[in-house]
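This structure is in structure tokens; I'll ask about it shortly.
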Amino acid sequence: MPDEQMYQTGMKIRKEIFGAETVDKRMSSMGEFGAPLQKLINQYAYGEIWGREALPRKMRSLLTLAMMAAANRPHELRIHLRGALSNGCTREEIREVLLQVAIYCGIPAALDAHNMALEIFAEQGQRP
Amino acid sequence: MPDEQMYQTGMKIRKEIFGAETVDKRMSSMGEFGAPLQKLINQYAYGEIWGREALPRKMRSLLTLAMMAAANRPHELRIHLRGALSNGCTREEIREVLLQVAIYCGIPAALDAHNMALEIFAEQGQRP
Amino acid sequence: MPDEQMYQTGMKIRKEIFGAETVDKRMSSMGEFGAPLQKLINQYAYGEIWGREALPRKMRSLLTLAMMAAANRPHELRIHLRGALSNGCTREEIREVLLQVAIYCGIPAALDAHNMALEIFAEQGQRP
Amino acid sequence: MPDEQMYQTGMKIRKEIFGAETVDKRMSSMGEFGAPLQKLINQYAYGEIWGREALPRKMRSLLTLAMMAAANRPHELRIHLRGALSNGCTREEIREVLLQVAIYCGIPAALDAHNMALEIFAEQGQRP
Amino acid sequence: MPDEQMYQTGMKIRKEIFGAETVDKRMSSMGEFGAPLQKLINQYAYGEIWGREALPRKMRSLLTLAMMAAANRPHELRIHLRGALSNGCTREEIREVLLQVAIYCGIPAALDAHNMALEIFAEQGQRP
Amino acid sequence: MPDEQMYQTGMKIRKEIFGAETVDKRMSSMGEFGAPLQKLINQYAYGEIWGREALPRKMRSLLTLAMMAAANRPHELRIHLRGALSNGCTREEIREVLLQVAIYCGIPAALDAHNMALEIFAEQGQRP
């Protein structure tokens, strides 16, 4: 398969999850400097991996939340909290993931992530 | 609820996942020194959290694999690879989790975890 | 012991350290979504662990500062810098902990933590 | 050698990289509380290590960027992005380091660092 | 470009660094289970990134050592210590990288890495 | 003060904690390659920091255990478990530190550290 095709497949998946406008804005905000990284994100992250069908997207979202809470990446965690809601994860499922984080990565990791989840829920017009 | 009850509930769940003999051995190997930690593991980790029904055990296993690969805890990762198989996760699902790790936590984290998964599969009489 | 009792014991300790108003505000700010995590925090973190008497609270504060600087959790580090002062740790003791961080976790971890300590001291009407 | 001499050597190197005014400001902002840490930074970090000639400063800058992206230290990463430019690293070389981060530490680490690099470039009157 | 071509380019680079036999052995040891990860390693890590010419391979090796020491990945660190020697890095340059690790990630990270470097040097018939 | 003096002070403290024979063996095992790192360890870690009297050695030991469990450095954790016993920390105090780790860094970090503590206690002819 031509790699351009995988890039397009990945970008399509990425836009389905986060919205075309958001993705276009993210890509253009990094300009030419960010083009090689955006290629990795579209072609590899969303094309090669998110495009695999052996695991539902909802599940990939929850795994990503767990890892980004564990690895302490607040910027990415916020992005994927929005993505998780868009992929059909419920607030209850997100909470369960974050409670699992408390056990395996410590309570502060879970507390930070709870606070971010509440921010994102509020941003989306939901009440805590 | 008396906390002793949550301890028993947790130990029961833990034994369903890992086998009674294994759990008894792990608990006794740490003796009196390890008793307070074992209380946390049984009552808190397995009772309070694994005992919550809003997420299936299979899902909790996959989340735990992702976090233990991310956080670089090989001892715990091996334990939960066995637990994941016991909770009904397939080798394909485990692989998908580890590929998601490659994107979000880097290829070396995924590679280490693949090697451990192959060890555990071999240990259980499965071929790579 | 009923787990409700350990929850109350933990919440009492937590309020002794951080003040009742602060703790009430933190708990209510997370609403119903945060209730299971708040249970973990009160019952396990403050009840089961901070409630153990084999180590003085002052000592638990200093250990927590070291771990939160090591694990790069600024939100929690700020909370426990306030807690450390409330538990009777001196500015000199806090500084010694952060110098120990420089050796074992690198200078940037210590530098970030020094900056946060200076913020918290200033907030409490102390001069750098 | 008297340790005061190594302190002066280190402070000189530090000021060559970041500018005398910036370094003086950083040192005085931490007051007497920060003096022992500033001794470590000047004498040990810049004197003992940056002062070694077996590796060019430009190379030490790129290594530091890679480690601070890996270890998730945004404050230090911003400081050393400025230092890297001052040490003669090009934007292209900085980008290559951050792409290497994507592979070995995951895409979110690289994405956070790209965003910080773009901030610093903009701050220095450069276009993305 | 067809992605198969990037895969072949990457595998060629990987074999130039680590030797064809070693790479073939690593790939086959993971069997069919490891094939998607090996695709990422060959196509993405070695093709897309190591294949970029804006940074010399020697430099990529030193960056990788710094990151793997920082991120605590001993298995990968050993592999890339061998790769660094094969890419023309000297023992002195490797030592400088590890001393830089001491400052930015703490002395234990540098000490672990020194011990691994000495192992790999010994393995290659070199004296400490 | 001449830096040689701080080096000697640090080496003296290091030998008081770990025994002269052990320290001599560790230093010589790294040969000339390890000499600059050993200078950092003796002069900075043990001279500049452990030599500060504002915190008792026993306390520095417990802080180091907490950080090395948090940062996942098993080699260093084993060394400092021995050092903690030598500095007069009791098994009960060590256990309290590791329980604090369970809350702030997750149960797997505490479990790994418990297992190492039991190893070191056994090595020293103590029963679990």
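Note that the chains take the letters A, B, C, D, E and F in the order they are written out, and that residue 1 is the start of every chain.
We take it that a contact is a pair of C-beta atoms (placed from the backbone, for glycine too) under 8 Å apart; a residue touches a chain by one contact, two chains touch by 3 or more.
Note that this is a predicted model, so its numbers are computed, not measured.
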Both-way neighbours, i.e. chains that touch chain D and touch chain B
A, C, E, F
Whole-angstrom distance, CA centroid of chain A to CA centroid of chain F, is 40
Chain centre separation in whole Å, for chain F relative to chain B (CA means):
30
For the pair chain D and chain F, the C-alpha centroid-to-centroid distance in angstrom is 29
Using the touch definition from the top, which residues of chain F touch two or more other chains?
36, 40, 44-45, 52, 68, 71-72, 76, 95, 99, 102-109
Examine which chains touch each other and state the graph shape they make (line, ring, star, complete, other).
complete
The residues of chain D that touch chain E in their complex are 44-45, 49, 52, 54-55, 59-60, 62-64, 66-68, 70-71, 76, 92-93, 95-97, 99-105
Can you list the chain F residues touching chain A in their complex?
103-109
Residues of chain B that touch chain F when the two form their complex
29-34, 36-37, 40-41, 44-45, 68, 71-73, 75-76
Footprint of chain B on chain F - complex, ascending
72, 91, 95, 98-99, 102, 106-112, 114-115, 117-118, 121, 127-128
Under the stated contact criterion, what part of chain A meets chain E in this complex?
1-4, 6, 36, 39-40, 44, 48, 52
